[in-house]
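Two complexes follow with chain A in common, the first pairing it with chain B and the second with chain C.
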Partner chain A sequence: MKLRILFLRLISLVTYIFLWAPVIVIIVFSFSANKYGIKWDGFTWKWYAALLENDMVRETCLRSLVIALITVVVSTFLGTITAYGLYKLKFKGKQLLRTSILLPIVMPEVVTGAALLLFFIKLSPLQLGYTTIIIAHIVFSTPLAVFVILGRMQRIDWSWEEASMDLGATRLSTFRRVIGPLLMPGIAGAAALIFPWSFDDFVITYFVSGIGNTTLPIYVFSQLRHGSTPVINVIGTLFTVITLIGLLATKMAEKRSRTARL
Partner chain B sequence: MTRSNNQAPYAVELINITKRFGKITAVNDISFAIPQGEIFALLGPSGCGKTTLLRMIAGFEKQNSGDIRIQGEVVNNIPPNKRECNLVFQQMALFPHMSVAANVAFGLVERKRPRPEIKQKVQEMLDVVNLVGMEERFPHQLSGGQKQRVALARSLALNPKVLLLDEPLAALDRKLRKEMQGELRRIQREVGITFLYVTHDQKVALSLSDRMGVMRDGKIMQIGTPLEIYETPQTRFVAGFIGSCNIFSGRVLSKNGNGMRFEDQYGHSLCVPDCKLTDKDLVRGISVHPEMIEILPPHLAGSAEKSDNLLRGKITDVFYQGDFTELTIKIPETDCRVTVHLSRSKDCRVPLKQGGEVVLRWDACHSNILRD
Partner chain C sequence: MATTAESRLAESSRVQTASPETSGEREMKRRHRFQVATYLGPIMFVQVLFVLAPLSFILMFSVLKTGPYGNIVFELTLENYRNLLDTGYATVFFKSIYYALQTNFVCILLSYPLAYYIARYGGRWKASLLLLIVIPSWTAYIIRLYALKTILGSNGLINNFLIDLGVIQLPIQFLYTSYAVSAGLVYTWLPFMVLPLYAALEGLDSSLWEAAKDLGATPVRRFFRVTLPLTRGGLLAGTLLVFIPSLGDWLVPHLLGGSKFMMAGTLVAHKFTAAGDIPGGSCLAAALAFVLLLLIYFVIRFGGRESLEQAL
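Now for the complex of A and B:
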């Protein structure tokens, strides 16, 4: 019995080491003075200073942020109205359509990327660039939004909608005052999932970005091709810390709202 | 706060309303009218079309044919948000993200009333439903009865021409239901708004309403005061649904001075009060309430009066219910079974045990005539 518990603990420990080791290595080496960033040569802040002076990092990071923000806004908006239609309307082939929403999620990114590239080159007047990157991101993010928001809709009591209309609200007003606020946790959840997806997408972006247009993940990759640089470790460290803070903040907000509800 | 615009005598009029869902006719050519200020109960088993009827009046379903009038005005093509009637939902449907005050104010905000007026109206309504001091609570912090009161206040705040209630008490426990029934009556008297109350619970319908209609299979079977419906049901269905009556099929043999001679399907001769309005050929059966039947020991049967109905039988079941005892009595040589409710205060001179021989007695005037 005791042995079994010990064994379980060991397995958990190994799993966590496995998960956390790369992250810890990056964080540690971001402070190492070694110029290849793979050996401990004493503590330094100089890579952080170098990052501030690196225009490319700032520029690509900003671009990735803008792309992710636009993607989040557009795809949650599209996702919400699509989910509403799929949930509320009655039409032929609805079940098929609802299932096929999952298709872009399970499709290998290489396939989606290649298909989009062909589409943009052969069938659309668009030049490869930021517009095509944003369109591509919306294409793979919207199904996820639909999926998450549909899940939330299943938990809504639709007599709320009828009650609202009965009390004199129009359809639009009902959505704004009743259904929208009740869907908010789903919409926020979709946004929280889509933002990192879009921000660090590499494969699809690589296909449709064209020449000379870089997002942060592509820039990081191009830097690593010429051998590791400590600046990459700094970027990794910063994003780990930011993500952790965000995660803790949402957890705390969730806990607070739950205690307030009860 | 009684309503002043009483130009139309009826709050709601239904004229030849029919509603079909595919091949099923949910509501079949129904016509009736509800006078101003009345509590009207629509009673029927589940699936009889009563909720469909209510949803058509509210505007959530559209009838295939017929007219709906609210205070004289035809509303067939008016969407639910423009109809001046409000529906209290069975599940109450309070908005979970809004406080009690915001829930009650919802319709007034939608009508863009000025703030002070909304505030005043909300207070007034919470006062009517006895919820003053609960303004800032959220629905999940309220008990079932309190939620019910909020739902009522929310609908009444709009001063509807008729308030539609879809079994709003069904979700409450028995004691609370009784309390809320009294509250509903008080509130209705206070605001003077017409109530149309849909339910499958005959007790609620009988005790709450001024008048009631009994529905079956999309048709209205009978409309009347609770007393009329309970004491003089016209059909087997109403008799059975409302009071678990004993029903005897048969026909009238002869008419004489103080009543009619009725023979049931087993050949028992029974006495029925003379109903001047009915042709005797229209009588197809009689119903007798279980609480109107008396039990006598067999040797006392001879002392009965002429107008009495007597039947010999054997007790087959005894169910003790507390305030009364339910007996099932089989009439020998037939498969006819009679249910008798023996109230505790009634003196019974027969030992109540299985197999005991008894004589059933009831006064002729307690036989009610059925027409189907």
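Now for the complex of A and C:
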């Protein structure tokens, strides 16, 4: 009995170390004076200073942020109305539609990327660039939003909706004042999933971005070709720290709202 | 005469009683159709234009020819598919499937005990322990692979450590080997196996264990007869989430395997971006998609549709 728990603990520990070691290495080496950023040569802030002066990083980071924000807004909206339709309505071909919505996430990214690239250059009047990147991100993010929000819909009490409509509220105001707030955890969850998904995406973006429309991950990739640079460590550290802060903030807000309700 | 008049009368009365009903029904139907169009019209538009059309486009291009100058010749041919069988591509495909299976297997071996530990012994740390699995995967994929490179490289952490210890004199080549690719694939996709397994194990009713124990089942027997069958859904969901992306992975073999290491994903990307052989690339992409759809079909067959949607 004891031995079994010890064994489970050991495997768990090894797995945690495996998952965290690279992240910790990045954070530690972002403060190392070594000019390739691959070993410890004493403490320095200079790579952080270098990052602030790096226009490319600032520019591509801003671009990735804008793309991710637009993607989050459009795909959560689209996801919400789609999930509502799928949940409420019965019609022919519903199962087919559900399956087809899953396609962009079950296809490997190279296939989706290649298909979209081919479509954009051969059939659409669009030039490769921002528009195509945003369309591609919406295409692979919306399915996530649909199924996360659908999951939430299965858990809420729909008699609230009936009550609201019986009391004379229109469908729209019922949605805005009753169903919307009930769905909010699902919508927020979808947004929290999609934002990093879109911000980090490399493969599909690489296919549809065309020349010169660099996002942050593509910039990092181009830097990797020139060998190691400590700036990548700094970017990685900031990524992790920002994610952690966002996560802790969500947890705190959750806790506060829970205690407020009690 | 009378009969025709009677029948006409009957007919007209039937029409009269029926007509308000049908118009009401029609009204209902019209409203229903309107609702379907408002709520689901936009997604259908996106699906048809940006998912189904591009994927059919891939299929279409896969039966065209590449001309001598890399141009596309509009002439139907199965040459690309024949190439797939004749040249080394088939080997690359089988190799990719092998790596994806291996990744999946190692992920299960590592994730099952971990998920089991969190679900049964996590106590009040459950949420935190799960977060500790998710957080590393939220640091951009490309940056984490770069970190793995830093650790595995000939000038990297492991080699430096071993040389400093005096275990080895010359660095061992870890990077740009198949081992590095395997490690990278497991590293990248591991969290996607842990989460569905955890969900499945957490949902298990612990009274089932008690019952099995009371009935005299040994721990091993309990695991294989109770726990494992009941977490089949989680295993299938995790398999979909790990097998699919690792089969089509491009960056891991590209960055950790070196330029000569080819997997299906690398090959597709290479054909499209570097070689400019669109028909050849389309054919490879179509074959890759086909393999995956086959897999998904089997998962739905044996695990039910829920396991697919539960995966999300």
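Of note:
Just so we're on the same page, the second predicted complex is superposed on the first by the 258 of 262 C-alpha atoms of A that agree within 3 Å, B and C clash if a C-alpha of one lies under 4 Å from a C-alpha of the other, contacts with A are read in each partner's own complex, and residues count from 1 in each chain.
Convention: a contact is a pair of C-beta atoms (placed from the backbone, for glycine too) under 8 Å apart; a residue touches a chain by one contact, two chains touch by 3 or more.
Since the structure is predicted, the reported quantities are computational estimates derived from the model, not experimental observations.
With the C-alpha superposition on chain A as described, chain C and chain B fit side by side in the combined arrangement. When the shared chain is aligned, no partner comes close enough to touch A:Ser141: not chain B, not chain C.
The vertex angle at chain A, taken between the C-alpha centres of chain B and chain C once both structures are aligned on chain A, is 80 degrees to the nearest 10.
In the superposed model, A:Phe119 lies in contact with chain C only, and not with chain B. Of the two partner chains, neither chain B nor chain C is touched by A:Thr215.
In the superposition on chain A, contact of A:Thr205 is made with neither chain B nor chain C. The wider contact with chain A, measured as residues touched, comes from C rather than the other of chain B and chain C. Legend: residue contacts after superposition of the two complexes on their common chain; A:Thr132 is shown touching neither chain B nor chain C.
When the two complexes are overlaid on their common chain A, residue A:Thr76 makes contact with neither chain B nor chain C.
In the superposition on chain A, contact of A:Ser30 is made with neither chain B nor chain C.
Superposition on chain A leaves chain B and chain C with their closest Cα atoms 6 Å from each other.
Taken together, the two complexes place no residue of chain A in contact with both chain B and chain C.
Interface residues of chain C, counted against chain A in their complex, comprise 32, 35-36, 38-40, 42-44, 46-47, 50-55, 57-58, 61, 110-111, 113-114, 116-118, 121, 131-133, 135-144, 146-151, 153, 155-157, 160, 187, 190-191, 219, 240, 244-245, 247-251, 255, 265, 268-269, 272-273, 278, 281-282, 285, 288-289, 292, 296, 308-309, 312.
Residues of chain A touching chain C in their complex: 4-5, 7-9, 11-12, 14-16, 18-23, 25-26, 29, 36-39, 78, 81-82, 84-86, 88-89, 91, 97, 100-119, 122-123, 135-136, 138-139, 142, 144, 146-148, 151, 196, 199-200, 202-203, 206-207, 216-217, 220-221, 224, 228, 232, 235-236, 239-240, 243-244, 247.
Contact residues on chain A toward chain B in their complex (touch as defined above): 157, 159-160, 162-170, 173, 177-178, 181-182, 261-262. Only residues 58, 60, 79-82, 86-87, 89, 91, 93-97, 106-107, 110-111, 138, 140, 154-155, 158 of chain B touch chain A when the two sit together in their complex.
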